[in-house]
Every structure is written in C-alpha cells, then in structure tokens.
C-alpha cells in the first residue's frame, strides 16, 4: 500500500514544479490568445534564456535571482525583435506557416547552442541549493519553494498589468477584436510584438527560477515543449486561468505518474492527456472556442 | 471637413469603389445610402485607415490621410463606430469605454466617461459586466460611447440601427440628432433610408461602387431613382 | 425538384434562418434575395449540407437529403458555389475544373475533356493554363461556376456570382448563366445586384431576418410593401411611392 | 523523348553507375540520400500533396522498424517476410491516427501537434515495455546474406535504396495525374471548396495518411536492416520526424522531386560542414552546423519560397 505521507510529498512536489510550468504556459497561452499562433520555439527560447542565466553566473558571478530583471528585460526585447523581424511577417494566412517558422527557429537555436556551448550539462552552484524545508513528511529544497512563490508573484503581477494598464487592456482587446482595436487607434502590430515579447519575458523569468535547481543542455527546451502545449490545451488555448490550473494539474500528474509508473513510463501521462484533450475536448477546461 | 475625391478602393484584386467623391462639412449630418455590396463599408474602412486605397484622395481638415495608419486618423479626431459594433467582448464595459480614449482624449478621460454614462444610463448600470454579455442595443450604445470617448470631430456611424428593434431604432436616430446638435459632424451609413433622410442634411446614394445620386436629403427622399437603386425597379 | 420546408438554423441563440421554405422546379432560375444579414448564405449552407439544420427538411428530386454531408448531396446532383470565391490557388484553371470533373469519371483523359468543354461554356478557354491565384475577380467567379458545373449537377446553387463585378462583367456572366440553364441545369441564386436578378429569375424569394417574407415575380416583389420596408427601412412603403 | 523524360533517364543512369565509380564511403552517402528521399516522400504525400502537416511522422517509421525487428528477433521470421507486415502495420497506425484526428476535426497546427504527441507516446511505450527490450534497444544478429536482408557489399543496399526512391517517385508522379491526387491537392488548397465539389474529405485524408504511414514504415524496416540496431530514440525520436519534414519542405513540398532534392541538399550541406570541421577545429561537432543552416533554409523557404528549391527550377505559368 502507498503511504499517504508519500503521496502528500508527491503532490507537494508536483505543485512546486507546476509553479514554473504555469509561468512557461502563461507565456505560450498569451501568445496564442493574442496572435493565434502556436509558438513551437517556446522550449528552445526557454533553453536560450537558461543559458543566458548560466553565463551571467559563470562569467559575471550574477546570482540567478538577481539576474531576474535583466533576463526578463532581455527576453522581452529578444521576443519583440523576433516578432517584428520574422514571425509577424510571414504567416501568409496559414497557421502551419508560423508553426513551421517557429520550428525552424527552434532547430536553429538548439543546434546553435550545441555548436557554441557544446552538449555538456551545465549547472549553477548556489550556496542555498542544499537548504531544505520540512513540510509535513516532505523535505523540499528551498530554491524550489522560492521559485514556486516567485512564479506565482510574477503571474499575479502580469495579471494585474493585463487588468489595469492601458497596454494590458489593449492586448486583451486585440485578442478578441482586432478591427475594433484598430478603430480606437490601437497599433495592433505593435501590440502583437509586445505580446510576443511578454510571452518570451515569462520564459526569461522561468529560466532564472529554474537554474538554481535544474540544469541546462541544448535539448533542455524539449522537456518543456510538450508539457507547455499540454498545459495550454488542457486549460483552454488562450486562457490565463486555464494555464494556471493546467500548470498545477500537469505538475501533479507528472509527479504522481513518476511515483506510480516509474520515471520512464510516467511521462506518458502528459502526452496522453494532450491527445485525449485534443480529440475529445479541444476547448480545454476554460477555453471558449478552439 | 472631410473631402473625398475620385476614391478607388477594394480588396486584393477586387475593385469595389470606382471613383467616389464625397464631402462632409462641419456640423453636418451626411447620410451615405446604398444597397448591400454597393461599397459603403469599403468606403468607411478606407477613410478610417484599415485599408489603403488604390487611388484618389481623402482629406481631413485639409490634410491628405489616404493610406495613413488608423492610429494617426483616430489621433486627428476622425472616429468610426463600425458595423456590427466590434466591442471588446471579454472586457468590462468600463474598460471598453476607457480604451476609447487609448489614442485621443486621454487627458479628459474621467470627465468624458461621466458624460458618456450620463448619455447612456443603461451602460452605467453595467459598468463591470463584460461587453459580450450585453444585448445588441446595449452593445450599440457601448460602441457609440466608446467612439465618443475619443472626443471625435467627425464620427462615422456604420449601420447603427442594424439588428435593433423598431423602438430602439427610433431611440438611436434621436440620439444621432442630439449628438449633431451638440456640434458633432456625422457621416451616417445606413440601410434605413427613410429615417436617415429624415435626420440628415445631405445624402449620397452609392450604387455598384459609384455615387448614383446626391443632394439635399429632403429632395432625395422624393427622387424616383432612389427606389430603383434598391429594388431594381 | 428542390423542396425546402420549415428550415431553421441557429447560432448561439441567434436564429439565422427561421422556418424558411422554398421550392425550385426543374428548368427554373429562382432568385433568393434579402438585405444584409438576412440569412441567405446560411440557408444555402444548410441546404447544401455545410450546416446541419436544427429543424425542417430538404427534399431533392423526391429524396430526403436533410443533414447529409456535402459530398453526398453533390453526388445526388446538387452543388453550390461560394460568395467569396475559393479557387485552388496553386493549380491551373484546367486542374481546378478537373477536380469537379473527376466527380463524374476517374479517367484523367475524360476529366480533362470535360473540363475543357465546361471551360468553353463559361468562356475560360483562353485561361486554362493560368494559375487559380492569378485570375481576376471575374475570372474567379467563372472558375467557381465552371468547377461546380463540371461535377455534372442538375441543380446549381449560386451564391452571389456577381458581387464585385463591374457592369460589363455582370452582363457577360448573366449570359453565361442563361447558357447554363439552356444546357438543362436548374439554378437557385443568391444575388444583391437587383438588375441581374430581374433579368435572370422567373421567381424570387425574399428572406428578411431569417424569415421568408415574400415570393413572386421580380416585378411583383419590388412592389410588395413588406419587401420595400425590409430594404429601405420602417415607414418606407408609405413615403416612397413607385 | 521529351526533355523532362530525358533528364530522368540521364539521372537514373548516373545513379546506377555512380556506386561503381566511387569509394564505399560515398556509396553510403548516396544510399542515405535515396533513403532519406524515400521517407521524405512518405511525409510529402500527406504533408505536401494533401497539406496535412505532420510533426510526428516518425511514429510510422518506428512502427515499421520495431514490427519487423520484433518479428525477426523474437519470433524468428525472415526479414523479407516481416517487411510487408511492418509496412501494413504502418498503414494501420496511419489509419488509426487519421480516423481519430480527422474525426475530431483537427486541422493545421493541431494536427501537427497531435502527431507529435502520438510519436511521443510510442517512444515512451517502446522505452518502457518489455517486448521492445525497453531503452536498451534491439540488436539484429549480423548474418550478411541477401536472404537475411543483409548485404556484404554496400552497393546492394544502395541499389535497394535507389529502388525505394524510384517507387516513391512513381507514387508521387501518379498523384499528379490521378483522381486521388487531384482530390488531395484540392483538399490542401481549400477544404470547403473540395467538399462542395463532392469530395469526401475525411475519407481521402484517411486514405492518404494510411498510404503515407505504410510507406514510412517500409522505410523503418529498411533502416533497421541497414544498421541492425534500433532503440526508442532512433525509431521514435523527434529528429527523424523533423528530417522528413525538412527535406520535403526545403526541396519543395507537394512536388514530385522535392524530397529527393531536399535530401540531396541536406547531405550536401552535411558533407560541406564535415569538410569545414576538418579545417576549422572549433567546429568539431558537425551535425549542429548543418542543421543550423537547414533551419535557416526552412525559415527562408516558408517565408519566401513556398515551393521550396523546386520553385527555383519550375517556372510557374504566370499571366501578365
């Protein structure tokens, strides 16, 4: 029989992982919700951001948490420019085209990383990495708790920005009613680029929060791609609340799947959820229309 | 105020407007009439900068705005309330109105909001409701309210009576008259010929991309060709 | 030939078509008109199997076809065109029409011959090698007609073939449609260009806000007060005398 | 003889003579070009002609590779006999994925992503269940006799790859001249219009994915026999999916020779970067550089050249 304390620890671990997933998925769902494009380069961009955090630490000794503002700003700028120069220009009215372009980007990023950084696994040594906190029967690493709290705070800040600022409102307006937005004088193309930038900025934040406990290799992004898509599809494409709920659900599923089915087979849950949702409830839990 | 000369426009390879001349003076209500597919919405969308015209000029206050981006046109005070309302369905009524002053009229946002809400008390009751849950008539008021938040100097109303009950249609035309009496110039694009002619100073009838008739509204109402342009007979 | 009875179709509470009925007899050209948003295209889509109707029946040549998928309806001998033309952009006009012709035969040679003879009928012989994407608006409209015709239908549903055409092009396409009828194809058409409807259709149905409000000859329709009000607004019938 | 036919005959003659003139290493490169063109063509039939972009075509490849290998290793089948069974299994998997996805109405990007997820499920399963030997992979006992689908002289496997490639070209050629192919193209260009013209879009899409899956599975068996080893990552990893998509897209999706030209280009870039690596020591890992180049080509082609490299050769009829 399974020890309930064991189960509790599993769920807790899943929740903690879910915090980061939420952040990654919020970026993806924002991009989808506003631009109606699927950003296949999401994982690779996260990987690049993780390398940025790694090199900031290795070369300049910047603590990953201290790097947050810089990496977030840098990621935003990178996303903004990427959209302006490439993604915004060439959809030719077919959504697969953007999927293919972002696939092309991920091929370029992954292999450029391999070329320049090599295939070795890179980690950051921070003094607080070995600190654990005891909650019930579970021992949880302090950085994971920090990253969990910080992800939620960043998501909340983003939520407030979307609710209260003019730009945030304009983003939400553009998501559903582009022509109406143009007619009140919103520069829709600019809002698109800003939205893409914010989506990538979320990845920058996630990278800072991940690095103290995680490692980076040129294929690190892969682990997150299908997970992020699954969360977004589960929650409903374009839905923020959905991304949040989906992030935690997937975090827990993964954690418990690993517990019951073992490390290898445990991952199957994610893909199966993804397939089943697409086949039987493509609107997800909170989506309005697929 | 608005002067359009030999405007040619369309979508892709389709030429919808084949040389249109039209003008709206300060303080006027001008009605733009015509059956479906005559090119009324194409005209609006080119004036508002959603599309780039193929040729011709569009002048607003003497400046050529043909092909200028919509952001600049709104900034200049030429605001369109589009057909089908185009409100932001997931945003609250208040947010919809506030976004009306995204590009213009931001400084006086609070006063303008008061003014618009005084004009549409029904919107005041629903400030926190999302716009998608409003009825058709309420959405139309919201769309007009949103347009007014930009302190327009010329307001284009595209089919404001479409889909409204006869009672609401009366109310809508009353409102248009009221806005005009406050000094606002209005280009009214309508299918509802009789009521539009009753309220407008001058009118144009668009037929297959060209102006088929134009003149004083009172005279046009009597014109035998008006009916023919709609019913072919 | 075609009997539509009490057909209804709603989208999220909005009744786009509300118990509409119409009949088409063999050899006729029948018009379906109505102001913007009247539900004409929705009615067409429901007849041709693109939307499943909520209620009502569609009978074609005595066989019930309500709710059948479009390819089954096409196989029964009824085919529609689209208001916004949908050419297969990257292939030639000949290949476009052949897609329709393959409905009648699996043989490539015969499909090609059929495509060429249909092209001649709609006046596209010179454009057979042009890409679908490179056609002018008038060319696209003709292609739309030709492809549908190549499937060998007995009833053709035409959705605004004249929208976006200039007066000369309208005259030409009216001629083409008359030829098609002469060749034995019955036609039901949605149209905005009233002059064209008047010169083509023997009978006209008028749809307004999802309901069928009138039926008759084009001349009679134009005098119907309900129709006048639908087109020109409330009170128009009194104000505007013929 | 018409000019294109003459070119084909010349190309074929060159392909037949080529392995007789070059060292084994280059015979192997040639084999890879034709093999990649073959599996690329299997992608192209669904993704290029019918417009059903798949991101997980490797699911068929792996199905073929594992089916024949398991039949051979575990049940002692002769690989030549296992080959058609593996091919059929690929067809079945294609049919199943198509029925599920198209019944649910998935199109465009959604279809692409669900194929990716199916491939992941298969990979994780192959990694976990016992009859595939899990992550250890499966080794086919070397016994280099033609009766075992193993050849001592690489020239034979080269000719087999060439034959597969020719068959795939003929399939694609047939698509350009048949009703089935015309319908697929119509579906790619505009599903609604295709439907209106009497095409049973669902049935045709299922058919094409079944065909494509079967072809790709045949490639899987070929691969397993050539290298005598497969594991979950080789058989179901995302890399092969991307490779199939890339060669077709870069060469020209929906064209007969697109995958072959794309495959030729990919191998060409590979060889150039390999040569470069021997000169510039910093680039000691070759593979990523050629993929960077290839990724950039993919982006440029989607952005600027919808017909791929083929678009540079074939001048489209254009009306003045």
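Letters A, B, C and D name the chains as they come in the text, with residue numbers starting at 1 for each one.
Rule of thumb we're sticking to: a residue touches a chain if its C-beta (ideal position, glycine included) is under 8 Å from a C-beta of that chain, and two chains touch if they have at least 3 such contacts.
All values derive from a computational prediction rather than experimental measurement.
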State the pair of chains with the top count of C-beta pairs in contact.
A-D
Farthest-lying chain, centroid of Cα atoms versus that of chain B
D
Centroid distance [mean C-alpha coordinates] between chain C and chain A, Å
49
Where chain B and chain D are represented by their mean Cα positions, the distance between them in whole Å:
56
How big is the gap, in whole Å, between where the Cα atoms of chain A centre and where those of chain D centre?
32
Indicate the whole-number Å distance between the mean C-alpha point of chain C and the mean C-alpha point of chain D.
43
Give me the residues of chain B that touch two or more other chains.
none
Pairwise touch list, complete, is A-B, A-D, B-C, C-D
Within their complex, chain C touches chain D through residues 48, 50, 69-71, 74-75, 79-82, 86-92, 95, 98-100, 102-103, 106, 108, 111, 127, 129-132, 134, 147-148, 151
Okay, in this complex, where on chain A does chain B touch?
166, 169-170, 172-173, 175-177, 179-187
Chain C - residues contacting chain B, complex
35-37, 136-137, 160, 163-164, 166-167, 192-195, 197-198, 218-219, 221-223, 227-228, 231-236, 239-240, 242
Quick one: in the complex, what on chain D touches chain C?
177-179, 182-183, 185-186, 189-190, 192-201, 254, 306, 316-319
Contact residues on chain B for chain C in the complex?
10, 13-16, 18, 35-37, 159, 161-163, 166, 169, 190-196, 208-209, 221, 226-227, 230-233
